[in-house]
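Here it is, the structure, as structure tokens.
The letters A, B and C name the chains in turn, as written, and every chain counts its residues from 1.
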Amino acid sequence: MRNINANVFKTLRQVFAISAAMFLLRHGNIAAEEELTGKLVLTGSSTIAPLASELGKRFEKQHPKVRVDVQTGGSSRGVADARKGLAEIGMASRAANDDEKELKFFTIATDGVCVILNKDNPVQALTDEHVAKIYTGKITNWKDVGGNDAPITVVNKAEGRSTLELFCHYYKLKNSDIKAHVVVGDNEQDIKTCAGNANAIAYVSIGTAQSDADEGVAIKLLPMNGVDATVENVRLGKFPLSRPLNYVLKSEPTGLPKAFIEFSQAKEQYDIVKENFFVPLGK
Amino acid sequence: MNDLNAPDATGHSLRASGCSVRLADRLATVVIWSVALAVTAVFVWIVADIVVHGYKEISWAFLTEEPRKAGRAGGIWPILVSTVLILAVCIVVALPLGVGTAVLLAEFTPIDSLFGRLVRRALDVLAGVPSIVFGLFGNAFFCHVLGMGFSILAGGMTLACMVLPILIRATEEGFRSVPNEYRLGAAALGLSRTSTLFRLLIPAAVPGLVAGLMLGFGRAIAETAALIFTSGYVDRMPESLMDSGRSLSIHIYDLSMNVTGGTRNAYASALVLVVLLLIINSLAFWIAERFLHRRIVVV
Amino acid sequence: MSRWASDFILVWILRALAAVSGVIVFLIAAFLALESFPVLRHVGIAVFFTDNGWHPIDKLYNLSPMLLGSLLSMAGSVLVATPLGILSAVFCQYYAPPFLARQFRRLIELLAGIPSVVYGLWGLVVLAPIINRIHPPGQCLLTGIAILTIMILPTIALMADASFASVPKQFTHGAAALGLTRLGTLRHIILPAARSGLFTGVILETGRAIGETMAVLMVCGNVVQVPGSLFDSMRTLTANIALEMAYAHGDHRSALFVSGLILMVVIVLLAVAAEILSKGQIYE
């Protein structure tokens, strides 16, 4: 009698232990996710801000107790705030500088950069050498590169912008050598300047330019070394000029920031990345 | 008999001076009407641009939904709420402070006192501080030092600082222009200065007060750079004054300059802002007229 | 000394409120000084006027072309907007039929509230291409002055309008009784009577003009150079701060605050000039 009881109890205990283990295995992760609460503050690049904002909204829907607040202020501010702990995650639309090697950078998307002209400009393509000479003021009239007899209006970006640094690095120029007629801040300012001036040349994010050109804005994107400037080509790695869009943290992320970073990089969110005209990391 | 054509002591004839005076008067009338027409034309040009590009997007859904796709789709309802809240904080802080300072400067300070002159010049300096410096200052002081973080409260208080000089100087002018006879009469009747102020001078100074209010409101609703760093960028419905909330002008800026494909909704938002402004101005005018029992403008 | 206690309390409340306004200016100045300190400690103040160009990444900090840009755009817009604004107010009060005057005033009040972004956008998309057809690049000092004029006109117009409305009726009646023409009444009676309001209006509009950031950023071209003509692109100190603050750190960021500090010094000088001009002249 006692032996049967002992065996029954032993079996019951084993069954109980296995069921509990299965229960925890199945529901344990969900319980950990449902417990995500708190506020996440991101500051930094205004290029990344709309993307981060939309990612944050979708994240909030999946985790109702979480709030994701996105603020702007520029890439430098994002890095500085992350360093000082004023924001959990900083946003920087560039790779890490030499003095930022101790911070953790996580890329969530990439952004290509291409040269644009006004739609009515007959010039269809420019060699790298031409572009460099135009920007340093050695070529000043469109007729020298096969266009109309009109002075070129050179549009440059403001100092410190990562697009400018990328541009200078690729064409091997120094910013102080560039002779610009107009200096702009945001991408849309570039595009609107080019659209309103038949003789302007500028460089912008490919996604932005492609979307605006599709909507009928009077610009056209120039190919670089024979490769067409499309978001697809940047994704395939064929297009030479591109920059990373990064989340910056002071140290290895845990908890809520870690969950959000993984969420932003996940394949399910590629549609948001594409919707904002950037290039997702994977296929 | 006077000969109209004969020169008088100054060398002018009566007829000639009469003619030239009338000619100058007519010329002035032409010039002034042309200026008014030119100003109207420019205004119509700008507003027509906004209307033409923006009216297609305006709908009930646009006014009451939340923004989607970074503002390219959906509506602007949370942003409208945030804007109204920011303006409310700004006015609640700026109005007593502003009118109070103006009254002090106009009524209780001798015209050449050092305190009065210092405050007046300090206000002139404040009026010239760039909006972006206000934004950076507001961020450092209200958001970090006072610990409000990115919030509607911080934004409203920064705006109040910006609006203060306009409000104070315009109101002060309003008080200065009230004839002294009013004050002397009140003193002769034995009224306390407090009574004189609230029952006589404030109603009489209403043209200046309203001008200050209109200019102040206008500046507040139009401000962008100061709010980006203080009340922030978040376009969610704010749940309290300590939440971050985007104002309409920031939304317009983001859509037109930062978000790809947002230009149409930027114009639509601008249109909504113009209409909102019309409503606020009319409301302010009506309140001032109704509660101060006086026709404010002479026309 | 007043007999009523309420007066005594009132005066002290008002003095406290006024002091708050003064304290804000002091706080802002202190903030600018604090943030400018790092770069001033490294390179001193002279380089901001003598360096070879503005290339903060290469440690060159010459601000003078931008200071000149700010001053030129301010002066140009104030010179154009003041007569236009005063004449608009004159129209509103003395020349227009009552209905038209009310609508015109509402129009100007609306102009006062349109965001600088909208003005900038209009300038970028409508005005700059037009000026570009006259002389490239279209985004230049002239466009900047035009946009600024439109933006500050409501300030002077509304202040002038309120001042004219406050001129006592006896003045205009007396002038009419003496047989003065409308122009004569304006020149010799009304404008002098309203001069303190007009002066305040000019100060407020000048402040707005020199402090405007977003609109000039979008239409002036932002090239750091001394503009040789009205059609040359130029950058103001305020646009400089807005353009580069987002991506500046360290000494570059401090240098931007120095430009804010210099701007504040200019404004203080203007205010002092206003004080000297108005001494005894404006207030009776």
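Methods note: a contact is a pair of C-beta atoms (placed from the backbone, for glycine too) under 8 Å apart; a residue touches a chain by one contact, two chains touch by 3 or more.
Just so you know, these numbers come straight off a predicted model, no measurement behind them.
Visitor: Sort out for me whether A-C or A-B is joined by the greater number of C-beta contact pairs.
Guide: Taking the two pairs in turn, the one with more contacts turns out to be A-C.
Visitor: Return the chain whose centre of C-alpha atoms lies at maximal distance from the corresponding centre of chain C.
Guide: A
Visitor: Round to the nearest whole Å and give the separation of the Cα centres of chain B and chain C.
Guide: 14
Visitor: Report the inter-chain centroid distance for chain A and chain C in whole angstrom, where each centroid is the mean of the CA atoms.
Guide: Each chain's C-alpha centroid was found; their separation is 38 Å.
Visitor: Counting only residues that touch at least two other chains, what does the list for chain C look like?
Guide: Residues 218, 242, 245.
Visitor: Mark out which residues of chain A touch at least two other chains, giving numbers and ranges.
Guide: Where chain A meets two or more other chains at a single residue, that happens at 46, 72-73, 185, 189.
Visitor: List, in ascending order, every residue of chain B touching at least 2 other chains.
Guide: As it turns out, chain B has residues touching two or more other chains at 256-257.
Visitor: Flag every residue of chain A that touches chain B in the complex, lowest number first.
Guide: 41, 46-47, 49-51, 53-54, 57, 69-73, 86, 185-189, 207-208, 211-212, 215, 275-277
Visitor: Could you please specify the touching residues of chain C with respect to chain B in the complex?
Guide: Interface residues on chain C, with respect to chain B: 2-4, 6-7, 10-11, 13-15, 17-18, 20-22, 24-28, 31-32, 35, 84, 87-88, 90-93, 95-96, 98, 101-102, 104-119, 121-122, 126, 150, 153-155, 158-159, 161-163, 165-168, 181-184, 186, 196-197, 200, 203-204, 206-208, 210-214, 218, 237-238, 241-242, 245, 257, 260, 263-264, 267-268, 270-272, 274-275, 283.
Visitor: In the complex formed with chain C, which residues of chain B make contact?
Guide: Where chain B meets chain C, its residues are 21-22, 24-25, 28-29, 31-33, 35-36, 38-40, 42-43, 45-47, 49-50, 96-97, 100-101, 103-105, 108, 111, 115, 117-119, 121-134, 136-137, 140-141, 161, 164-166, 168-170, 172-174, 176-179, 192-194, 197, 207-208, 210-211, 214-215, 217-219, 221-225, 248-249, 252-253, 256-257, 266, 270, 273-274, 277-278, 280-281, 296-299.
Visitor: Using the touch rule from the top, collect the residues of chain C that touch chain A in their complex.
Guide: On the chain C side, the touching residues are 53, 55-58, 124-125, 128-129, 132, 136-139, 217-218, 221-224, 233, 235, 242-249, 252-253.
Visitor: Give the list of chain A residues in touch with chain C in this complex.
Guide: 45-46, 72-77, 79-80, 151, 153, 158-162, 175-176, 180-185, 189, 192-193, 196-197, 199-200
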